[in-house]
Every structure is written in structure tokens, then in C-alpha cells.
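These are the structures, in C-alpha cells.
Paired with chain B in one complex and with chain C in the other, chain A is shared by the two complexes that follow.
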Partner chain A sequence: MLPQGLWALSLSCLASHCLAAGNLENFDELLTVRPLRDGHVTTRFLFSITQAGATPRVPDAILEEDEHRRCIAQHYSLFPLSLGQILREYAVTEVHLSLNAGKWDYGSWGMPEDLAVAGGAELWAWMGDSDRVGVDERWKGLRNALSGLFCASIGEMNEMRTTSPTYAFRPEGQLPLLFSNQTVTYQLRHASLPSEHVCTENLTPFLKLLPCKSLAGIASLLNPHRLFDADWHGMSIHVTWDELEGVKLQLSVQAVFDPVRSSTQQKRDFSFQSLFDRSISTACSVASNSKVEVALPQGVGYAITPEPLAFRDQIAVYDTSELVSEPLDISVRYPAEGSFSYPLELSSPLTDFEISRTFTGTTQSSGKLTVSIQNNRADDLQILYVETMPWLVTFYLHTLDLRVDGQKRDELMTRLKYAPPEAHGRPTLLEVELTIPASSILQVSMEVIRSFLRYTEHPPDASRGWDMPPAVFVVRNGNDSMTYGERVYTRPVLVDVATPDFSMPYNVIIMSSTLIALIFGSIFNLLTRRFVAIKVGDGNAANGDENELRNEFG
Partner chain B sequence: MVQDEAVKNVSFQSDRTRRTILLSYWIVVLLAIPLWWSTTSIARLRLPEERVSNLHSRKLKFPLRATLEGGLTESVARDVEEALRRRVHELRLDGSFSVDIRSSSEGAYEVSLNADAKETHVEGRKLILGAKSLSSEDMRDIISNSLSSLWLDGFGPDQQIVQFSPRYRLAFSLMNEDTAAGGSPLGWGVQTMINREITPVLQRLSALHNFTIESQVQFFAPLAFEPVKLKDGSFGLTEEQLSVFVNSAEWTLSSSVSNDPVLHFVIFVPSANRRPLRILDADSSPTKSSAFVIPQWGSIFIYNPPQSTESHLTLSALRPAFTVFRKQLLTLLGVPSLPPGVKTSEALSDWALNALLRRRAYENAEGSKDTLSSIVSLVHQIEGMPVDKDVTEDVREALDALDKMYNIVRDSPQLALQYSARAFSRASRAFFNPGMLALLYFPPEHNLAVYTPLLAPVAVPLVAAVLREVARWRKSRR
Partner chain C sequence: MLLPRLFVNSLVLLACLSCCLASVKDQRNSVAVEEFFRLQNADGLPTSTSLNHTNNWAVLVSASRYWFNYRHMSNALGMYRTVKRLGIPDSNIILMLADDTACNARNHFPGAVYAGSGRKIDLYGDNIEVDYRGYEVTVENLIRLLTGRLDESVPRSKRLLTDARSNVFVYLTGHGGNEFLKFQDNEEISAFDIADAFEQMWQKKRYNELFFMIDTCQANTMYSKIYSPNILATGSSELAENSYSHENDNDIGVAVIDSFTHHILQFMEGINKTSHASMQDLFSTFDHRLIKSHAGVRADLFRRPLNEVRITDFLGGVAHVGILPEDDESEETVNSAEELGGHRPILPQSASLWTTMNSTEPLGGQSVEWRATRSWTAVALLGGLAGWALMSG
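Right, the complex of A and B next:
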């Protein structure tokens, strides 16, 4: 039997843990629909689940529980258990995961409702530091667990892709600084995997995290056939903590549809039926708030049915928590308009700045990275530029060149932080603060070299090249404050790396074997060959002894 | 002829030199073979095979010692002992138990009489017989029957019981088939019920296992089949349907963070238009029971809410479910129940706990023995299987733990269980060591095939030269 002390300890722990009051959980859902001027329609499904009063776990507690063999209890009602377990197991305070496909066109679509629109997969987490359970070990566990949960290759975001940028990824919630009289410092881990492709197998586990799955409420519109047919689609998960709200989980699905493409009359009218092939027929009874907001088109005649509950700043609001008579199928029509023609030239871009990033170069070993940033505002813009590259692309930092209208303007770069890559390991991290003069284009270019990879380091389908993570741009708010605004991602670039002939090892073996065999053969032959004298040139040779003409070559 | 002689006299042209060269080539080749063999052979360390085969002769022998008190004579003790020995023999457990019943002296268990009571109950390690109006002949039977069921019941394989693990996760789930149909509970007082019903049992079991508790509520948990509609308007689950009741594709029950075995306890609330849902027996008539156990998986309780449901499941509504869950938790963990007619005030009697300790220690010991002998025979069978240090160390540690267990089993079943658990985990780790698979997919034939372009052109002149020399030597002798 256990000693009495241990009994008492386990008993008290059991009691205190299991008696802890259940956290109040809350679930809200919101669908935002925004018709765009180029005929597209953006939709964003936001599901937020809050656990009031819950706090993230102290990292040291992971070990303590094993040491003291405490009873561990976790109770969830709306918050998904499978995600809660992961957050708890690895003591994660804040985590953001996004899986997207396509390129978000900031200029014509504006800023997205959910900022995480990086192409492919992106994961970043803030975790409390602990001497005993290292952040990197937990980061690895988190990656693998999320990989299993969402059926995505997030596990591949290893040390070769992980960085910790200083300013671009600040916590979006709060970080509890004091845990039971113990100060905790936090560390950021960020990684992206642009080659990851989001598909149905990622959406299915995502939907299972929702309290009503895809069976009721606005989530019933999430039809994978239509969603993955959209011009741009993606999903994301954000877990943050706030002192007042507790732990907050935001699950979001974004998609940009093109109703003109699917319309037979080339019209840009749309409805839930035409976009999703579904309508909302049952309400999710556990949602405390369930709303649909439709931004109304401007400058054109339109008709919206059914009648909204309320109008607010050019937004029609519907409440889907009580669906009484018939399924909700919101439709927006443009009765005066015939077939829609895509605007050839956009009047004005919707964002303050536009970015294009290209990779140039004719050889497989060197190249040039060029980024051009166009300031659309009438005043200067301060921007933080964050570039992360796997080690196989190395920057020649001394060739960093800033030009406006062909003029060299090095003074526009105010702050630079550079972490050089480590061969076969850590990636490059470059953080630069740039000032872009009013209404002009700043061109940043830099020469790079592409490394020669080891035979085993090449990915499957090596000739396709490597997808390089998108660069991140953040606008600085005001001149003196160190706070930054919304993140803007560039599109990923494809980098071509010299590839070997993959049957090479066998060729090398055959080649060297042949050489060795050849050398061996000739030396051996020389050493064991019998030399015999032959009489030549003499007249007797014609009728000479045949024996003497015997040739005994090997 | 003169020139021929001259050529012959050149030192390297002599037969002797040529034969020495040829011989030295062959010596190098022959010497290189063992080197090549040793550098390319698979590391196969020796396993302590003798110790493994000796295990079969060793048996766990649990002492069952009891003292009879309160006027029970030595002859009663002898009769009871005799009856119990017979019972052990009938169960073919002769090797595993030694029975020792005395009327005096210290024993691990006590049996005493209470002449004023009719009911039999257990208290700690004491069995108190209600001996009111009992003849001494009856008494002997009752004592030996009670002892035999307290000690020996449930010993042996049982398909329902989960495999031993030092840590289990208990997952409590409230599954609503369809919340949209209305009348479904959205919350439950699970924490209070766990504290009331489950925690006392877990505390008693903490000597064997640690537990992690989690609970969740699901609002849409559809079934994969249509329940049968009955004549009275209610719905039924046939026996076949019970076996496919858990819809693992739709119910998110699995977890990705831990490898501990999970025991599920599910309260299933049928959709409002499928109530009441009943369990049918073989004749398709509804049974009174509303719960069933899925062997080694967990337990399911079907809750049909009354007409006027609140959105929160009250404690009184949960009580029947949790009473069932407590019983089925014990069943799944292999805790033997008390024989009929024997009562106790404790959550789990010492008798049952000790019987469980013995049972688990026995299972683990048998399991580790089997695993160890499987490793030995597997290594014998597959010659290309590497055996590295990790494996031999794990095997040795398992054997050491088994030795310790055999030595301590008389004094402390508790420690014996811990040693047996360690032996079992080490033996399994050795058996599943990934290093043992490494070379199975890369056989020596493959190696040889890759290097044929080198070996064949080298071997041909070597062999040919030998043949030629032999031919020449025979010719010169003639």
C-alpha cells in the first residue's frame, strides 16, 4: 500500500482538481458576405468559442503532474476536447494556424476579414518559457499533434523552417505574466509551409471541432464541393487568452467566390444556393449569437431578399438563431444590370500599398530577389519587411539595394535585423524597416545564392523546385510607437535548385566498380602473363619449328 | 632455343614467381572474406536465452493465509483448507496458490463469527459471518465457499477486461443524437457526479493505476444505422445494432496527444423523434436495462429524457447512469465483485483489491513470459534480424524485474505487481524495438547484386589463372 502521506496528497489533489468549477463556455457564429467590385464575393465564417475564467497551463506543470501523479481532469462542453487536450499537453498560450490555397489579391479585394491569408500552411505559437520543458520540444509536439488533428503535413515545419521574428507576430491576446507567484517569459515560434495544399481532408476534421459540426447553423453552408471550387479558400484557427474573456478559440473559413464564372447569363447575382448549393435550414441551438452580415453593394442598383432584420452602416444584418418558417437563403441581385463585364482597369487599389516579389536569375546557383512596394498614399509609409528563407537560399546582404525611380536611396532603410542561415539547419531571417515615400514605388533587390543540396535533402518531385515562404509586410502605426498594424503576405515564390540524376548512386557504384575491375585486370594480367621469345626476320622462319612460334599469351 | 632459355631465366618469368603472385592474390582474397563478413554482418547480440527458458518452470505462488477466530476450532480450519485446496485444484491453479488456514497464529486475512447477526459482511481484511442459527457443518461450507469466491473468483482470462496499463484515461461524453430536434440536454453536472460516484473508486485503485479524467458534450452524434421501430411507438436497438453502436467516423472520441488506453463512458440521448429508445433482447422485446458494456472499450448508457426536459441534466437524472458507470468501470478494470450475500460499506473491499493485484500481477507475469519467449523464437527464426544493445538490455531488465517479482510475491503483492508491470513494459518495448526491423528490407543478396559489376570482373581472371596454372602443372609432370 502507498504510504499514508502520499494517499492524503493524491486524495486532496483529486478533490481540488475535480471540484474546480466548470468554466462558462460561450459559442458565437457570424457569417460575413462582401460583394466585391470585380464581381467576386468574399465570405467569411467565424466561429468563436470562449471559455470564461480558463487560463493557459503553466509549462512547468507538465512535469509536476507526472512527478506527483496527480489526477488530471479536463471538462469541456462547447470547446473541442481534441484541441483542448493539445493546448494543455504542450502548455500553449496562443496559437494561430492557417491553411490556405490561392493568392489573396489585396489590391482588388481589400484587406481580408481574417488576416491569416498566407499561401499554404502557416503556424505560429507563443509559449511560456520553462527550464525544464523546453519550448522547442513542445513546439515539435504541437506541430505533430496539429498535424494529426488536421491531416496536414504541419509536422514538416521542422527546425529548417522555424523562426522567431521580433515584431511581425505579436501576441493577439494577452500573455499571463504571473502564474501562481511565478513569472513566466514567452517565446514565439513561427513556421510556414507554402507547398501544403488545403483540401477536403483538412475541412472534415475542422468541422468536427464545431459544436454543431456542419449540421446546423451557418456551418451547414460549408459544402466542400463548392468551397474548394472557389477562387481563393482557406481556413484558420486562432487561440488567444484574455484576462477578461478567458481562453478564446476562433475558427474561421474564408472563401472568395466568382458568381460570374458559374452563372449562365454572366451575371454577378448571387445567393446562398448559387454559392454553396445549400441554405440555412436549422439553427445551431447552442450558439448564443448567430448572425449573417451582408455588405451592401455601392453605386449600383440592387435587391436583397429576404428582408434583413436591421441595416447598419451599409450592412444588412440577419439573425439565424431563430429560424421559424423557411430556410434562410439570402440573395443579392442586380436587376438593372445585364451580363457583368470584368473591369479591365481598377479605378483605385483598396489597400495603402501593393507588393510584388519576384525571383530572377538564369543560373541554378545564383539569382536575385526583387521586391517592389508601391505606396498608394499621399504621405510616407513606414513598413516592416520580414523575409524568411530556408537555408538553401542565402542572401548577399551587401548587395541590398534600395531604389526609387532608379535612384539609389539607401537612407530609406532604418532598421535591419538579420539572422544568417545555418547550412542544413536554421533558416535565414531578415527583418528590415523601410520608409516608402508618398505615391512612389520602392524597389528592394538583393543577390542570393542557391546552395547545392545533398542527395537525400531533395523533396519528392525535386525538379518542380522549392516553394519559398511568403514575405510579410506590416505597417507601423505612427512614427514613435513600436506597434504594428495588419500583416500583409506576398505570394510564395518557387525556387529552382540544381537537381542531381537520382539514379546516381547506382551509376557511381557501376562506374567505380568498372574502373577498379579494369585496373585490377590489367595489373593482374601483367603480373601473371608468360612472355615467350619469338624468332623473327630469319629466313628459316618459314619452315622453322612450329613450337618456337607458340604464343602463350594469357 | 637459346632465346627461350634466356627469357626463362628472367626472374619474373619463372613459374615459381608467377605461382607466388597468384597465391598471394588468393591469400589476400581469402583473408578479406572474414573482414568483409564481419563488417557487413548484422549485429546480433546474444539474448539470455537460458534465463528465458528457465522462466517456464517458475510459477507465481500467491500465499492465501487466513486465521479463523471467535470459537472456530482447528478441525474447522483443516476442513476449510481441504475444501479450498480442492477448489484450487479444480480450477487448475495448483501452481499459483498456496492455501494456509489456521485457527490461531497471524494470517493476512481473518474470518470471524458474529453470533447475533444473519448477514455476512467484509471489513478491511476481515470476513465476518453472520452465524445466527447455523450448524457447524453449514458453517464450514459457508466459510470455504465465501473464501473461495473472495479469493479465486475472476482469476483467469476475461475478454471484457482491458489490458493492464499504469495510466488510463477516463472519457465521459454526453452524446446528443440530434440537438436540432429539440428537447436535448445541453449541459450536465458531470464534475459533481464524478466526484460522488467515480472518485472514491479511483482513490482505492490508485495503488494500481493513475487516471486522467476528461469530459465533453457533443450536440450532433448521429448513429450509423436506423433503430427498429416498435409497435408501441418506441424504438429499439437489436443485438447486432449494439455491436456497431459507436459511430467512430462521426463521434469525435479519439485523441491525438497520448497513447494511454482510454475507457469511454457515454450517455447517449436519442433524438426527440426517436424516443424512447430501448435495448432489445434476442426475441426483439424491450429489456429493462438501458446500458451496455463494450468489452475493453467502455460503457454506454441510453438516456431517454422525460417530456419536460431542462437544458441541463440534473444530478438525479445522472445518478442511474453514473451508478452503472461505476460498476462497469470496475468490470472493465477486472475488479471481482463480492459473492452474493456478502455486504460491505467500503467503495472497494480490501479483498477485491488484493484479488485484483494478484490477478494483474499474474497476467503481467504470464504476458512478459510469453513476450520474452516470442522474442527468442523470433530471433531464432529470422536470421537477418538485428539484435542490438537496447533489445538485450530491455530483455535483461524484464528478466531482472521478473526475478524480483518471484522473490517478493510472498511478502507484498503490491510490489510484485509493480515489478510485473515493469517486466511487461520492458518486454513489450524489446519486442517492438524498431531497430529489429531495419535490415529486413535490405537483404545481403541485394548488396551482392549491387557489387556484381566489381566482383565478377575480378573473380573471372583470378579463377582462370588458377585453372591455367593447374593445367600447366599437370602437363609439366607428364
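Right, the complex of A and C next:
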């Protein structure tokens, strides 16, 4: 009787604990729509799920039975279980994954709402160090697990693509002190895969992580056929931890649409129906906050329907948590405007600085990497420049050259950190802090060599070249502080490496086998065959000459 | 004194009787279960019945890269749509696509892949899971997938988690030649590799029956080297014969599907989950005039007559449900849950349902239970006799 009672008691404790944990979860959704001056419209879907009171798993506890497994870790009400299991399995404190297609045009679109706009796939994670299960092992597991979850090739982000930059990827949340009496070190792992495609198979599992899937709430707008038609589209997940908020998961989908392209009258009017071919008909009932925010156009006459709930700083706010009768189809029209003409003149850029990165060179073995950074501000700009390249591109650091208006200005570079590549292994990592003088262009260039790859190291479409990860630029906040602002990515560059004629090995094999057969055959013949004279009867006079063959070797 | 004793005795007898009844029922159930699973023969090979498998898996591979090979992607996606429609869940389908046509910059219809010039059915749809894509589609990965030799951290969605009761459908498409199939224009898988991979699967008890289909030039050579049992194979064309595309779409700009796959998909459109159509029905529709090549079938390794092999045995999701009535009427096992609802009346009360999850354990458990009930019956009988003796004495 006693054990039974105990069991019941513990069970009830467990149940109450679980309930308590479940109640602390919260789901918010927010759609931000922003018309841009070049006729484009950016949309950003943000789904946040917070699990208050939850803490990331202690890495040392991985090998032990997870006490929380039965309760907190496995009993989510809103937090996606499939992702929660991965985070727990590999004791990940903070992880950021993004899958994007296209090039974000900072100059005309401004800073994105979600900073993770690197082309292709990017993954970075902060994990607590542990003697028992190393960070690298867990990083590999995390990559593979996420690649399975999101149907992406993230598993390919192996040691050849993994780096740990010092300043550019600081944790966006907090890192818990695992033990009060012991200092715990956290490690960063970062990798990007610029050639990754993004398509419906990535969106499908993404939508399955949401509490309402794509059936209700703002997620019902996410129509893959329209999303993947957008000029720029991307999705990302961010998991952070905060002492006050607990574990926070942010799922985000961003897209930049061009309503002018799809309009028959060349107008930049847009609505949910025209952008997504859908409207919001049902509210996601588990969302505690469900809003749509539309930034109102500046300096032109416009009409917005239906009437917003509230206005705040040139933003129209709608509440989608209680849809009354008809589906929500927000539409913005420019009644006074005829057909929209794309601005021909280059208007002033929306960012403090602009970057262009090019790879030049006429041969396939060497080349030059040139980065030019234009400072649009009236004061100096301190920027951290992070460049990661797979080992097949090696920098000649002694050729690093900084020029402003053709003048050599080496003093503009401070705090250089360089990790040389390891052939067939670790990538190159270069971190430089640059000062860009007010309203001027700084040109950074250095010579590189491109390696000659092994026959088997080429990708299947070898002649296309290799996509090199984007460079990252981070502005330093103030002159003295060590904190950094928002990350800006360049576009990936394509590097052409020398490719062999892939049929060559077969030619070599065939040629060498032929030669061997010929040489061996004739030598073997000579060594083993005996040539002797044959006396044939006199009757065959016609063949007489041939019969007088003599073996000169005896 | 007598009354309680009588009471106790009658109780004992009752218990004894019910025990006997229960054991009889157990025995009958175990026989039925045995019937249901049609256990393997003494030589370890399954007997020729249709009820040997408990789960279905599909491996669909499009091995070609580049936009102009659009049709190979739509071949594989057409098969994906068919097996999904016939009931194999996404978790049991391994889809390998070597390139991304749906979101290709050249695709005028983003997020969509069509298999006909009318563009009626979007094969990509809103809900698709591609397990291996792009550079991950390699010969090594395919062989690792089939044989189960994968790294520990590889997720479940990228594994073929089959067992000795799995019916596996393997579909390959791409460019090929005599005894080889090209992967991404870069490497080849040979007919011998395929044959050895299947043999390894057989030895590791990774399939019950396997249906191998290949659509490529000289496809029939690809199955010629297979030597493992219970494999049914079909291919699109003979040695030294090309396999042609079916039609072009002018807006997409390239050929959208291959002839052989188009023909099979056409046939499959007439099939639903409850269909009784057999493999023989499918193979008899192979016509040189329609397919433009000589499609071949290899059934010498297969132990069942083809007219008894249902298409849904391989391309459909299995849900075996057996009904064991309590009374003595004939016991029946039914293939697939739909049939249960559709064609046969559901027997009232205590109809035991077996969803076939595990093959051998229930049987083992039954026999142990049977032994236990037998011994308890004996004890109860002895007790009853002793009680009787005491009472009469």
C-alpha cells in the first residue's frame, strides 16, 4: 500500500508541476507590412513562443537521465516539441538558423526587421562547454538534426565551413551561469552554406512548428506559391534565453514583393489578396497577441481599407485576435497615382554605409578580393569586417591594402585577427576593425590564391564554381564601447576554381592500360617465343621466300 | 458449514471452467493471429501470401541535376504524390531530388512542378518533405540509406527504418545506360551496386518484399543483376533502347514527364486505397506503342503469382486489421481498414482488433500465456477435486 501511495503522490506532484510549466507558455504573432519607396513591399511574419521559467539544459547533464524530460522538456503546450527535443538533446543555449533566397538591397530597402538575411543557409549556435560531450560533437548533431527537421542540407556545414568569429555574433539573449561556483565557458559555432536553395519543402516543416500551423491567424497568408515568387524571401528561427523571459523562440518569415510586377496596370497598390492570394479568415485562438502593423506611405496620397484599430507613429495597427464577420484583407491603394514608374535616379541610401565585394582576377589560380565600403555619414564609422572563406581560397595577408581616394591608409585598420586555413579542413577567418572616414569610400583589397582541388573534392556541377559565404559587417556603437550594432551581410561571391577534365582519369586509365598491354605483350613475346626455321618440301616453290625466314636472335 | 463449502467449491469450479474457456479462446486467438501473420516457413522465407508485411516504405530518387532534366523531378514527384495518396505517410517516404526545379529561377510557376502539358495537377503542392536534396543526392548516400549504414546523428527523416515485415518500393529515375544510372552527371550507380545493396538489405532483414522500378534509358539492364529473393522489378526500356519523354509544356519550356512514368501514373490515377488491382493488371497494360519502349518485368525472384499481388501492397500504406469473432463462426482477416468499413460488416462487441505493429512478440506472448493458463487450470482442477473429496467426506 505504501509504495502505491508514494507513487500516486509523486505522480500528482509531477502532474501539477507539468501543468504549472505548461501554463507559462505564451504565443504572439505579428505581421509587419512596409511599402518601400521603390514600389516594393516588405512583409515580416514574426511568431514568438516564450516558455517562461524554462532554462537551457546543462551540457554536463547530457549523459544523465534528463530529470525534466518527463515534465518540462517533453510537455510543451505551444513550444514545438520537435525543436524542443533537439535543443535539449544537444544542450543548445542559443541558436539562429536562417534560409534565404535573393540579395537584400540595404540601400533601397533599409535595414530588415530580421537581421538574418544572409544568402543561402546560415546557422550559428552558442553552447556551453563540457568535458563530457564536446561542443563540436554536439554542433555536428545539431546540424544533422536541424537538417532533418527543416529538409535542408545543413548537415553539409561540416568542419570545412565552421568558424567561431569573436565579436560579430554575440549572443542575442543571455547565457545562463550554469554553476555559481564555477566559471562556465560558452562557445560559438557559425557556418553558412550560400548555395542552399529555399523552397516549399523548407516552409512545410516550418509551418508545422506553429501552434495553429497555417490554418489560422496571420500564418494562413503564407502561400508557398506566392512567397517563393517574391523578389526576396527567407525564413529564420531564433532561440534565445533570458533570465526574465525564459526560453524564447522566434520564427520569422520575411519577403519582399513587387506589386508593380504582378499588376496589369503597373500600379503599386497591394492587398493581402494580391500579395498572397489569401486573406486572414480565422484567428489563431491560442495567440495571446495577434496583430498586423502596416507602415503608412509617406508623402503620397493613399487609402487603406479596412479602417485600422489604431494609428501609432505612421503605423496602422490591426488586431487579428478577434475577427468578427468577414476575412481580413488589408489593402493599400494610391488613388491619385497612375502607373508607378521605378525611380530612375539614385536616391539617398537608407543605410549609413554601403558595401560592395568583388572577386577579380584573370586566372583560375590567383585573384584579388576587393571590398569597398562607402560611409554615408558625416562622421567616422567604426566597422568590424568578418570574412570567412573555405580553405580553397587562401588570403595573402601581406598584400592587404587599404586606400581612401587612391591614398594608402593602413592606419585605418585596427585589431586584426586571422585564422589561416588548413588544407582540406578548417576555413580561413579574418576579422578586422576598420575606421571609415566621414563621407568617403574605403577600399580594402588583398590577393588570394585558389587551390587546385582533388578530383573528388569538386561538386557535381564543378564548372559552376563555388559559392563563397557572405562577408559580415558590424558597426561599433560609439568609439570606446566594445558593443556592436546590427549585422550587415554582403552578397555571396562565386569563385571559379580550376576544374579538371573529368573524363581524364578514364583516358589515362585506357591509355596506360593500352601501353602496358603493348609493352608487356611484345616483351613477353620476345622472351618466350622461339623463332625457328622450318624446312618445307620443294613442291611449294611459290612460298619459298617466306619459308626462308630466319631468326636473327638464334 | 456445508453451505459455504459448497459455495467455495462451486466458485472454484466456475473459475476452473472460465479458465478453460478462456484458454480455449486464447488458443483460438493465437491460431488466428498466426493465420493473420502467416508466419514464416521453417527455412525462414515468407510463404506466398499477401499478408506478410506490416508497413510500407517508399524510396523515390530523381538522380538528375539541371533544369533541362525537369522531367526526372516530375517523375519522382508524380510517384511521391501517388504513394502519398495511396496512404504511405511522409515519414515513410524518402524523397531524393538532385536539383530544385520548383524554386528554380527559370521556373515560371514558382513553387510548382507539373507533370502534364495542361498543368492541371501541381505535384509540389503546399505540403512536401524532401529528405535528400541537391548535393546530398549521391550514390553513397543512396546505398547508405538502403543498407542502413548511417552516422548516429543522422535524423530519422533521413533513414529507411524498415524491418523484416516492410514492403519497400524503390523508384529511380535519371539518365542511364547499360547497367548504370548517372547521379548528377557526376557519378554512376551500377546494376551490381543495386543488386548488392538489396542483398545486404535482405540479409539484414530490412525488407519483406521489394518492388524496384526504374525509368531510364536501357533500364531493364539495371535489374538484371539482382539476385536476392522477393524482389519484383520493372523497367522502362530494354538493352540498347532509349526511354523517351512523354510531352513538353510550352510555358515551362522543357519536357515535363517521361513516357513510362506517365503511363504508370495514368494507371495509378484509377486506383484508390481499397483497390484490388494487381501487379499483373499493371504489367499487362505495358504497350510498346504507348510507352515508346519495351518495358520489362522481372518476377523470377518473386514468390507470389503476380495476379495475387495487389498494387497497394507496395504503393499503398498498410493498415492490417483482423477481426476475431467470439463465436465459432469463420474467422477472417481483412487487408486494410477501408475494406473493413466498406465491404464487410463490423462484427458486434468484443471484436478484437490487431493493428499489426510487431510480428513475433504477440505470438510469443500468447504461447506463454497459454502455458500459464493451462497450468493454473490444472491447479484449479486439483483444488476442485480435493474440495469435492472433502465435502463428500
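Assume the second predicted complex is superposed on the first by the 483 of 554 C-alpha atoms of A that agree within 3 Å, B and C clash if a C-alpha of one lies under 4 Å from a C-alpha of the other, contacts with A are read in each partner's own complex, and residues count from 1 in each chain.
The rule we apply is simple: contacts are C-beta pairs under 8 Å (C-beta built on N, C-alpha and C of every residue); 3 or more make two chains touch, one makes a residue touch a chain.
Keep in mind it's a predicted model, so treat the numbers as computed, not measured.
Colleague: Under the stated touch criterion, which partner chain does A:G148 make contact with: chain B (first), chain C (second), both, or neither?
Modeller: Both partners.
Colleague: Is A:Q85 touching anything from chain B or chain C once the two structures are fitted on A? First, second, both or neither.
Modeller: first
Colleague: Check whether chain B or chain C contacts more residues of chain A in the superposed model.
Modeller: Counting residues of chain A touched by each partner, the higher count goes to B.
Colleague: After lining up the shared chain so the two structures overlap, which partner does A:F520 touch, if you call chain B first and chain C second: first, second, both or neither?
Modeller: Touch partner of A:F520: chain B, not chain C.
Colleague: State whether A:A303 touches chain B only (first), chain C only (second), both chains, or neither.
Modeller: neither
Colleague: For A:A498 in the superposed arrangement: first (chain B), second (chain C), both or neither?
Modeller: Touch partners of A:A498: none, neither chain B nor chain C.
Colleague: Of the partners chain B and chain C, which touch A:H197 in the superposed model: first, second, both, neither?
Modeller: Touch partner of A:H197: chain C, not chain B.
Colleague: Is A:L397 touching the first partner chain B, the second partner chain C, both, or neither of them?
Modeller: Neither partner.
Colleague: Output check: A:K140 vs chain B and chain C. Expected answer is one of first, second, both, neither. What do you get?
Modeller: Once the two structures are laid over each other on A, A:K140 reaches chain C alone.
Colleague: Using the superposition on chain A as set up above, list the residues of chain A that contact both chain B and chain C.
Modeller: In the superposed arrangement, which is not itself an observed complex, chain A uses residues 145, 148-149 for both chain B and chain C.
Colleague: Mind listing the chain A positions that touch chain B in their complex?
Modeller: 1-2, 7, 10-11, 14-15, 18-22, 69, 71-78, 80-82, 85-86, 89, 145, 148-149, 208-209, 211-213, 215-216, 282-286, 506, 509-510, 512-514, 516-518, 520-521, 524-525, 527-528, 530-533, 535, 548, 554
Colleague: Residue numbers of chain B touching chain A in their complex, please.
Modeller: So the residues of chain B touching chain A come out as 1, 3-4, 6-7, 10, 13, 18, 21-22, 25, 178-180, 182, 184, 186-187, 190-191, 194-195, 199, 202-203, 206-207, 210-220, 252, 254-258, 414, 450-451, 453-454, 456-458, 461-462, 465.
Colleague: Spell out the part of chain A that touches chain C in their complex, as residue ranges.
Modeller: Listed in rising order, the residues are 101, 140-141, 144-145, 147-149, 151, 153, 155-156, 195-201, 204-205, 214, 223-225, 227-229, 459-461, 502.
Colleague: In the complex of these two chains, what residues of chain C are touching chain A?
Modeller: Interface residues on the chain C side: 65-66, 98, 100, 102-103, 109-112, 122, 124-131, 133-136, 151, 153-158, 183-187.
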